[in-house]
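In this document, chain identifiers A, B, C, D, E and F correspond to the written order of the chains, with residue numbering beginning at 1 in each.
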Amino acid sequence: MSRRFVSQLGPQESVDQVFLASDKQLRPNRSGNLYLQVELSDRTGSVGARMWNANDHVYNSFENGDYVRAEGSTQLFQGAIQMILTRLTRVAAGGVSADEFQLLTAADLDRLVLRLGEMLRGMENLSLRNLAECFLLDEEFMAKFARAPAGVKNHHAYLGGLLEHTVKLMEVVLRIAPCYPALDRDLLLTGAFLHDVGKIDELSYDRGFAYSDEGQLVGHLVMAVGLLDQKVAEAERLAGEPVVEEMVLRLKHMLVSHHGEYEFGSPKLPMTLEAIALAFLDNLDAKLASFSQQLRDDPNVDSRWTAYNSNLRRKLFKGSPNGVEQTSGNTEDS
Amino acid sequence: MSRRFVSQLGPQESVDQVFLASDKQLRPNRSGNLYLQVELSDRTGSVGARMWNANDHVYNSFENGDYVRAEGSTQLFQGAIQMILTRLTRVAAGGVSADEFQLLTAADLDRLVLRLGEMLRGMENLSLRNLAECFLLDEEFMAKFARAPAGVKNHHAYLGGLLEHTVKLMEVVLRIAPCYPALDRDLLLTGAFLHDVGKIDELSYDRGFAYSDEGQLVGHLVMAVGLLDQKVAEAERLAGEPVVEEMVLRLKHMLVSHHGEYEFGSPKLPMTLEAIALAFLDNLDAKLASFSQQLRDDPNVDSRWTAYNSNLRRKLFKGSPNGVEQTSGNTEDS
Amino acid sequence: MSRRFVSQLGPQESVDQVFLASDKQLRPNRSGNLYLQVELSDRTGSVGARMWNANDHVYNSFENGDYVRAEGSTQLFQGAIQMILTRLTRVAAGGVSADEFQLLTAADLDRLVLRLGEMLRGMENLSLRNLAECFLLDEEFMAKFARAPAGVKNHHAYLGGLLEHTVKLMEVVLRIAPCYPALDRDLLLTGAFLHDVGKIDELSYDRGFAYSDEGQLVGHLVMAVGLLDQKVAEAERLAGEPVVEEMVLRLKHMLVSHHGEYEFGSPKLPMTLEAIALAFLDNLDAKLASFSQQLRDDPNVDSRWTAYNSNLRRKLFKGSPNGVEQTSGNTEDS
Amino acid sequence: MSRRFVSQLGPQESVDQVFLASDKQLRPNRSGNLYLQVELSDRTGSVGARMWNANDHVYNSFENGDYVRAEGSTQLFQGAIQMILTRLTRVAAGGVSADEFQLLTAADLDRLVLRLGEMLRGMENLSLRNLAECFLLDEEFMAKFARAPAGVKNHHAYLGGLLEHTVKLMEVVLRIAPCYPALDRDLLLTGAFLHDVGKIDELSYDRGFAYSDEGQLVGHLVMAVGLLDQKVAEAERLAGEPVVEEMVLRLKHMLVSHHGEYEFGSPKLPMTLEAIALAFLDNLDAKLASFSQQLRDDPNVDSRWTAYNSNLRRKLFKGSPNGVEQTSGNTEDS
Amino acid sequence: MSRRFVSQLGPQESVDQVFLASDKQLRPNRSGNLYLQVELSDRTGSVGARMWNANDHVYNSFENGDYVRAEGSTQLFQGAIQMILTRLTRVAAGGVSADEFQLLTAADLDRLVLRLGEMLRGMENLSLRNLAECFLLDEEFMAKFARAPAGVKNHHAYLGGLLEHTVKLMEVVLRIAPCYPALDRDLLLTGAFLHDVGKIDELSYDRGFAYSDEGQLVGHLVMAVGLLDQKVAEAERLAGEPVVEEMVLRLKHMLVSHHGEYEFGSPKLPMTLEAIALAFLDNLDAKLASFSQQLRDDPNVDSRWTAYNSNLRRKLFKGSPNGVEQTSGNTEDS
Amino acid sequence: MSRRFVSQLGPQESVDQVFLASDKQLRPNRSGNLYLQVELSDRTGSVGARMWNANDHVYNSFENGDYVRAEGSTQLFQGAIQMILTRLTRVAAGGVSADEFQLLTAADLDRLVLRLGEMLRGMENLSLRNLAECFLLDEEFMAKFARAPAGVKNHHAYLGGLLEHTVKLMEVVLRIAPCYPALDRDLLLTGAFLHDVGKIDELSYDRGFAYSDEGQLVGHLVMAVGLLDQKVAEAERLAGEPVVEEMVLRLKHMLVSHHGEYEFGSPKLPMTLEAIALAFLDNLDAKLASFSQQLRDDPNVDSRWTAYNSNLRRKLFKGSPNGVEQTSGNTEDS
């Protein structure tokens, strides 16, 4: 029987299928009886689940990041779908179809890696091309880069999210650069490629997503500079001549300034054309991804507005499904 | 004899040619003698000029916005070129080649207007196309729209600057929209077209640039809503049916929120995908224009950095002329 | 039997009377059983109510904004009165005494409308008087203006609240203006009248209070400018001559700047005497209303302080009921 | 011959009359020759004056705060009147008509003191009346209170300015209090009386205006609390019974919170009705005084806008002299 | 049987011993049944406790601040230990060993008072020594000063916390002053002694900790100035000569500016060397105490990070118990 | 003849001695004649100098950073000493006594380097000691570290300033650490040593002080991490075993967070005890140095206050020379 995805679940459904477990907790209810609370997800989203009268046994029978078979039923709780579990059993990863749990399939990731290489190898600047090649040829790096999420919550928080965000940003760079001849396209493209590479070690994403200690104590803006230093040394060894110092400085500057403002953790404000462009386009891509996701996932299906988002200090307007086109569509037919 | 443009002037040159005058003032020097201070410009920039021992007569012989024949010589003053005038005479506009005084030629403006129409008429949404047509057919509006600057100082502060900024922004929208399918391309394109239309009356630009009273007291974000209301009414009369209300709301929202933050004068934060995209792309275009201009015009020719800009709270990095490519260029040949 | 008002309810009372229903929700409790949560109000306040073991049937038997007969009893919950319902039935509006549910009676509203007209018609400035008359004669406008609340929560959030806030502000203007001869009294009075008129469409208040889409996307500061434009055109038609342009600009400026600071959604800072006075007096009236209401309604009856209000970033001091006068009162008698 | 006041001076006038001197400086010009720079004022304003080729002798012949006879002529300098002195001689205070140098005449001050007493003695609250009486009977206090300015620059920066600001604020309180029955009128009135009393020692105003060391190190908000403590003790001795503690606390709270926000130097936010009302009304009075003064004194007589004021982060709109009434005036005649 | 301290409690333990009660509340659960919620503490910390099916009787049988005998058992609730009570009985203070409930023993406090006197009497500046003596000899003052906490929550929130914080700060002053010869050591030491004395009346700490009305309405920064004024007058009476005015001003300035920034409630910014040093060292001591406490008390024992602290806008890094030394320790042995 | 230092210069003195030149400019005066403007300094400070009727010849005869013999005389200009030059000649560095131009003598620097090594080698933690040794043994590093200033303007802006600031901070750490047992003293000491090492390349200080390109584009917080990485690798090679990873993370965290707040350029907030202590103590040392220098150098010798400092948003209080001790001094004698 084909899977019923999280995004398809309605109230009052029976459920008996495999999910990815995370954020498990054992809590007492008001009467002092313990229950299990756990997040169950597949590639389309996640849903909160509770097992009443749970105990240490079930709590200890699986870890966050494990696949579990969940049996029970759904109900509506404060406007959102919730699952009430009758049984929860750990399942070996082997018997599971990974594609059901990853937003991006292996094929998606392959395609993105291919496109990444294509764009980088298409640069005219030989020096940058050589530098990029050092990253592309580093299999350990590429394995992480193709797997890491772009964040723990917020935008692109799924396996491969970093790669998808990076490639999208590079596509945008290629399209916009011709509009602004003063921009050094290849420099901006390389900056877009590298701006978040620090995240491959800032985050841990083997079982659930979290910040690594280094990620929290040092941060991906600074960590990326160390990665770049290594690859520059490598490129110089390969080319047998030094990479132009100013080019490296401009790249480092893009890495440390790409959050755009001090308050967002950039130790430097963007001071070059490419740095300011990178900061805006990165922010635009992140905001569009985040807005889109909220508009799509908002649980208040009969409201024209999403719930208030305190991070963004605003609600978002959903409006009517086809609010803009409806009349004009009719008119066009006539 | 061909014109020597402001951007070409060096120290210790004799000058005898026509400029556009602005910001004239009569001031006493430390000894109490009056001198005339005036800005002289052509399409490449402006230069401060002084006539020592000036009097009311010369001060009253021309107005800001007039063409004047300036005779005298240049010198270096605090790192910048300054003109010392021996004579200043008003010149009729008739005998002047306007192209020498406008950054954008009549041909440039024609081309931009053409492209504007092309993009708007290429929209698939009939309703938005009809609305846009009401603006395009309004000759008085288009005359102002093709002439207005985008600002008094800052970015695109020259005749036609509003049109150039708008068309550039629309080009960017057309290139980026395909990357983000969730964006309503036509809605975003129309928002880009209209976001600054309030500036046609916010600024006065017949003789020198200034804010109109209405511009300062009400502002172009609010004024644009009134213009839109008029054109919507017109479009409804022409089409014989109401424009979809939600579409108008979405457009108005883009107009009042396009500065992106309360502190920049937006009474609303962007709450739709198109509004957030517009705010970012508008800001990006403005920042790139402003950064480019500062990098190009910075008078400290032998410094790798521009002077500190207190608005941006930073200096900009100019670096070496070909800092990034130099070595790679050589290498590529081998 | 006479009504027992919300403000009179104590713990452990039986209840069987009519209330206005709002904010109904169906929620599961910890055991997964559904219960109904609804706000019940009359003109003296509102009280939360719950019906255990509720179902879709009762949830769908009434709408927010309906009158309902509530049967059950009260209890104390976290320091506040709560109602436990045994039965809830929709009641036709016809059989209800509306005055029990509106803070302002029809007579109150009539009196306020009368006073509004009196103040506006008492202005010496003929042009402003004509303009005001266009609003007063517009029955549809006046019907909305006399019914709209001034907000969804916060201050004056009840039917007629906008009118009451406006008239109070105008009274204050009339009293204060003589202290400051530099103020144009009539201009300030008209600004006070119009400052919040945009709220008649910013809010929806037929069944419960909410922001309209236009209210959230465009906002009452901008919407008011459109209303003013219409009435100015009307006044010009009636008078057969244009209204002085500067006067209209000054009014528009008061409308768009009356929140006083960018961060409160004003796209312009007050730049005239009347605009700065309006911003301060409006804010003062709102703050006094809000403080008074909190001091009056705070549920911690035995504390000298209200609960912490995170919007205001402070607690308020209630002190002793007659803390200030007690001794002096005694002394005065002797 | 009657005095020609500073506000009446035009360019190219000869001058020979007495002024109050302040802010004297001896400066070298570009050629290294010294000149004297000094501010000359009377009750209508002040004007900058320069004596070329001055020396130590003239610089040492008078002190800031002295009356001086100034001989010379006026000229226009950067849009403002400036005086060029040929001679400057110290003049004994005895031979000078003090009223020409004080914005407020002795009669004005008498009238204000009278009104102050009237309002305070009209309070119904005996305890506050007794407390106020302790201030009114303290001759040393009243002498300072009637003489102190309300500031060094900004609003009400002239002898008697504190008294004038205080009495105006109390008038406003008396007019507004009836609109808000929840306000304790007498408490608010006493708070308005006392809110700035700390300024009698925060500022020094015997010769020119300046902050005292205590004023800068401790500040008038804190200093006022000490003054109040003394008078409360006095009132208790006189009345033979303690003043109600809560009343004193409420007064102290009004004193320390009346700047309204932390960033303006209030160590506490207003937490009572009277404290919030005092903060708003004080700010309103200060802003109206400051705006009025700028609109009146702006030297750009032919501009519809004042110069940009960086403290207020805005320009102010002057508009046309009778911009609002002109047409309506005509219309009214017909 | 020896006491089991709060910090030693694990899940699933039976409990039967005495605690200090605070923050008691009677609440209904979802089914409408009332339960008692109360905080139970000893000198090592506090733990939340609940008694199901409680009633008015038990709620009224003790007051906050009383000692109670608690019988029941512990469980884990959302990662923290919680107590479920079966019985709760008030206990007379007489039979309780106070040292189990105070973080600081009587001996600790005696030692701190001794050290305080030692440091103050060791000052070289006679005038400051005399002033300090007036405080030390005031038994009522010293009794409060040795008992007051330094806060209600946050750092040093326990009996004697103010004394401990003050003495620690003075120790730091004595150690650091020699590094900065420009600092007046005795002035800084006196400032450190007095900076928080206002807290003896700002807080109430007889039964549980709370802010007094005066504390909230006026604040300890301002209240300290009044205390200082009294003691200066006393010192002058004793010495028969005035204390140098500037010294008093410098002390007052340290008191009112020691929060360092307006936003933290300082009405003045530090403007002397001693004031800026005091502000930094006070803040450092508070932050170290607060960080240490969070690192020590964080309930997530198996996490390397504390929970997010919204006041500090960060998590804290706990790391490994001996993360830094482990290898080096091994190495050192070899 | 012994040198007359800048700090000793009064008005109307003849001058003929050697200074260090910086910030030279050629400027026209109001009459269009050029003059030379240059800063002349020795170890006690700097003074502005002007040579009237200067030309390209003298301007090109020396570079910033050269020693020059200056002949001329001093005068008072706007309250400050200024030099008017009659002659200016470049002088070879060889014939100059360097100690007259450096605030810190070679002996001072030697002493500081010695003390630095002493403190680092006194650490108990072997691993940190090894790491520190790698820095101490690196002669190129130490040469730069002993020569670099700590800033371009502000505090410790002189050769050796970085070393002096670092050693002072470490002294403070050694004195304070025993007060806070929870602090890891050796970790904090190493952090204090390394916190500003990035400045050795952030600044250029061979001829005058400036930021390097890398300093401005990347910044010393990030650059220090790179330096640390190199030395850790070196230490691991030497020790033949890895340095504990957590220790390195804690050090890196201290480097990137030591500005304490995002707005001061820290990409991370301090999240460990040592990081928060470092940030406070570093800031304290910088503020005390900056305050001391302003109090000492303020040119208004007869004022009790320094001029307003817009960076600090305050004036500083100088008071009386012996304001605090004067009376007590007398008293102590009796």
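Keep in mind that, in the parts below, a residue touches a chain if its C-beta (ideal position, glycine included) is under 8 Å from a C-beta of that chain, and two chains touch if they have at least 3 such contacts.
Model, not experiment: these values are computed from the prediction.
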For the homomeric pair chain A and chain B, should the interface be classed as same or different, according to whether the shared residue numbers exceed half of all numbers used? same
Listed pair (A-F, B-D or C-D) duplicating the A-E contact set, over half by residue number: B-D
In terms of CA centroids, furthest away from chain A sits chain D
Whole-angstrom distance, CA centroid of chain A to CA centroid of chain C, is 44
Between the Cα centroids of chain A and chain D the separation in whole angstrom comes to 60
Please output the residue numbers of chain C that touch at least 2 other chains, ranges allowed. 30, 213, 216-217, 246, 250, 253, 271, 315, 317, 319
Touching pairs here come out as A-B, A-C, A-E, A-F, B-C, B-D, B-F, C-D, C-E, D-E, D-F, E-F
Footprint of chain E on chain D - complex, ascending: 213-214, 216-219, 221-222, 225-226, 229, 246, 249-250, 252-253, 256, 262-268, 271
For the complex, give me every residue of chain D touching chain B. 29-30, 52, 75-78, 82, 84, 304-305, 315, 317, 319
In the complex, go through chain B and note every residue touching chain D. 25-28, 30-32, 213, 216-217
Which bits of chain F are touching chain E when the two form their complex? 125-128, 168, 171-172, 175-176, 179-180, 182-184, 187, 239, 241-244, 246-247, 250, 253, 269, 271-273, 276-277, 280-281, 283-284, 287-288, 291-292, 295, 312-317, 319-320, 323-328, 331-332
